[in-house]
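Have a look at this one.
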């Protein structure tokens, strides 16, 4: 067990190098960022050359990568297009996004599993049809529309919530964006739980438990749900990263200056330090989440073991 | 959770099984060719044909099948039910509501929403199906291998999927599709598969790891079934459910995602007509002309519904516990 | 079961760690709140470059520079005319050598005096190649620029020989050639003076820039907000009528619009296109929409034989006449664009060179004539064209599609013209700069200063800094040169217009429409107006007593 965790942690090293290199090459492939700095005007070649030199862009791709990695090991993640250090951007963006993700994650886990359980135990009934209808709705209606409509009614018309998240992103302001962000994942979680519960409801051990005369509540929570959760937990694990990186639309709608927003800016401005820095941290979070998920397998199903 | 010991299925499993499992996780399961293969195969064949038999009796299967058939026909031959031209637009009719001959009204450019919805089926349905099938096949294959063999297989495949997970769609889309140059349904679907497989792979891996522990799989193993046979005949049918669930919903998201790529100039080559493009164009106008969103989004919902129903029917048919 | 148990521990620990991180960022929420009585809360976009006068070339940074700097000249918010501000007088006898005298007693917001050195040092800093300032070319008319900013190689001088300090209040400028309207450029913020702290503590300066204008920055949180209060040392004419301005960075103007309606924002000068049809009812009429110094065009790649060969001028003209500008500005832009009648802007006024008829029929929608011209000229190259645009900002797709549909309807071919998006602005600009465009593409021009010269020289003179269409006409160049040297403004303007007239027969670009400046405001504030640059005039805004 301990050895397994250590081995997994060690695997982060090649992943770290692989990711940084891959992303670096991809941002490089986007092309020269200098022209855009001059707006609708043709860049002055002499000034452009000076800027390229200062950004180390006048070197070959491998040399640029080595230069960048050397910087990273001294704790310097480079500077964004605006001249701000990337570490400073990360310091302000990650806490906000992590809080938003936690809110969305809590919503999707609790509501998703709850709805899925209801739907799975009464297949074909109201709750089941409801989950199906909800799924179709969130898949077909873009996040932008859900976000905008909720913002308009709750924030502007009825004054129930703030339409934009205030500076510092207090948790109270994050509930609405969290709900919008969680919507699609919620559908996945609910349908996964439903299917899994429906399948396991007919399993021998559940029948045994019911036959043994255990209270229904216990049968459901301890036996049925616990054994139905593995695909759900897997999905939730992969989704943490997705929520953090994929919140571009939600962050825009609700004025959250988080990871999705900064990453988007970094890509638009073709700024390798921003993109590589943020993605690297995200990949490390994926790794941690996946490790957690694998360990949870062992908790949920004790037959699964790691050596 | 002290009561765990008495209530989990682990309690009903002989201690030896747990030990066996631990061994497989590290040693990747020694392959034992066995003489008992013949009865195994017979049983297995009957499982799949049973499933088909089961399926053919389900009304849901026929309803979804007909719906999908209809969508495919429209995709191939949109002119059958729409006589207009999706690219003929008259700006003076911008965002007008339904009029005679134009039952769904007009979009911002003054194009007929009905015609565009019908013609949009081709690009959207094909991107949806190709991407979903590709992601499901590649994802379950790689995830299944990782979950079944564990060890190095797992380490390498899972870490690769982690890296792919990290690539932002925006960045990946612009780079991949501008390098590949195309703007066709094939290149767009290829991109979706490239970035989409890790999710299914994680799900498949988890499902295989669970299925591997089931008593009957352990029993088959003890009887000396080969790895391939175990994967195909025992583990796959049981690991399929979550993959079907995720893939059918993802189908809808791929159709929408195509629009994002088109907007960035790396999706389908203009003047492509697709539901995704029309949905995202309508999104901005939700307060001004909601009818623009209603029809393409409705078409997308119906497509997803058809595949979810089909997926449910297939899953039920494969579930041995239902018999 | 040991494995399972320790797994639980690891999971638990990780959850705790995540939760701890989550709480870490929760402090400092109240910074934007506090006593905001009398303070105007205004929308802002993140500036793209550090806030240095010679390094800011976009609107959001420009907005702040406008508030914290007073130049030698300032442009009148209503007429756009350049008027003396920090300068007492700017005199010349030969249109080439200028003597500039400052008003006495001017001070920066940190209390240090504004002297001739403040200007000369700032301009030398802006021009010096190694300082990598994006607006360096603004100083290229000053003698000695070539030495501090050579086209290649290292600079051979640190300061421009054309700038000489006479005394604390006076300095002289020598230009490389005669340029009568040059002093009118001095209202552009690249020409702002800089305090000594800019040179002694550069990093500190960028964290909190200091200027000599009506406002003073009290706090600046990069990427989220900036708070400004009236500068106590400012003695100029634009004394703020409010107790300060809080600029709030929004990720999206739709969000800002929602915040404006909810009463959390006072001034928004970027109304999202999709809200235009109901903005007046939403805001109870608290909305303005007026012409601004921005013109939008479609440029032809004249460096490509296909678009420049003989006869193509007819096709280019025909395409211009195939665009129904009126319907597009109404249906797509809800009247926030005005169909173009020349290649300048209505903000210049008739005296400044704007004309409502100079382009004649070339910008009038005329399907029959357009078809005929395009046919006569040999048709669209290959029978198929695209209009290039960048997809990442500005929602160009809608109008490009509408322009193409208009052309397609005229030609009776649904696929003759389609939009061609490029993923990022940087990529789009790169293709243009390198001359790789093979098809027409969108282009736009936001004036630097309200002079007709700024709408013509950089865009259409041979080798001009923004001559994206690679247009070259010796006659045009000659007229521009004559106009630059002409001391009489009216005569100079007439010469510029003669040059401009050539563009409507050569058609290197299709004039589309002028962009308007817009603003919406809350019931908490009054007196919201915009200047010719479409910046809100913050100093005039008053906060209502509730």
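Labels A, B and C are assigned to the chains in the order they are written; within every chain, residues are numbered from 1.
One rule holds for everything that comes next: a residue touches a chain if its C-beta (ideal position, glycine included) is under 8 Å from a C-beta of that chain, and two chains touch if they have at least 3 such contacts.
According to UniProt, the chain labels map to these proteins: A, B = Oligopeptide transport system permease protein; C = Oligopeptide transport system substrate-binding protein.
Quantities reported herein were computed from a predicted structural model and do not represent experimental measurements.
Enquirer: Decide which interface, B-C or A-C, involves more C-beta pairs in contact, and give its chain pair.
Expert: A-C
Enquirer: What chain sits nearest the middle when you go by CA atom centres?
Expert: A
Enquirer: Compared with subunit A, which chain's mean CA position is the farthest off?
Expert: C
Enquirer: Starting from the mean Cα coordinates of subunit A and subunit B, work out the distance between those two points in Å.
Expert: Roughly 20 Å separates the two chain centres.
Enquirer: In whole angstrom, what separates the CA-based centres of subunit A and subunit C?
Expert: Distance between chain centres, rounded to whole Å: 37 Å.
Enquirer: Determine the centre-to-centre distance between subunit B and subunit C, using the mean Cα coordinates as centres, and give it in whole Å.
Expert: 47
Enquirer: Could you check subunit A for residues that touch two or more other chains and list them?
Expert: If we look for residues of subunit A contacting two or more partner chains, we find 30, 148, 152, 267, 302, 305-306.
Enquirer: In subunit C, what residues contact two or more other chains?
Expert: 1, 392, 423-424, in rising order.
Enquirer: Please list all residues of subunit B that touch 2 or more other chains.
Expert: Answer for subunit B, listing residues that touch two or more other chains: 4, 174, 284, 287.
Enquirer: Spell out the residues on subunit B that touch subunit A in their complex, using ranges where they run on.
Expert: Interface residues on subunit B, with respect to subunit A: 3-4, 7-10, 12-13, 17-18, 21-22, 25-26, 155, 158-159, 162-163, 165-172, 174-175, 179, 198-199, 202-203, 205-207, 209-210, 213, 241-242, 244-246, 249, 252-253, 256, 279-280, 283-284, 286-287, 293, 297-298, 300-301, 304-305, 308, 315, 319, 321-322.
Enquirer: Along subunit A, where are the residues that touch subunit B in the complex?
Expert: Answer in residue numbers: 7, 11, 14-15, 18-19, 22-23, 26-27, 29-30, 132, 135-137, 139-142, 144-145, 148-149, 152, 184, 187-188, 191-192, 195-196, 199, 202-203, 205, 209, 222-223, 226-227, 230-231, 233-235, 237-238, 241-242, 245-246, 248, 263-264, 267, 275, 279-280, 282-283, 286-287, 290, 293, 297, 301-307.
Enquirer: Along subunit A, where are the residues that touch subunit C in the complex?
Expert: 1-2, 5, 30-33, 35-47, 49-51, 54, 81-84, 88-89, 92, 94-96, 98-99, 102, 148, 151-152, 155-156, 159, 162-164, 166-171, 251-257, 261, 265, 267-270, 288, 292, 295-296, 298-299, 302, 305-306
Enquirer: Residue numbers of subunit B touching subunit C in their complex, please.
Expert: Contact set of subunit B toward subunit C: 4-5, 85, 87-92, 94-95, 108-110, 174, 178, 263-266, 270-271, 281, 284-285, 287-288.
Enquirer: What residues of subunit C sit close enough to touch subunit B in their complex?
Expert: Answer in residue numbers: 1, 273-275, 277-278, 324, 327-328, 331-332, 386, 391-392, 395, 397-398, 401-402, 405-406, 408-409, 414-415, 418-424.
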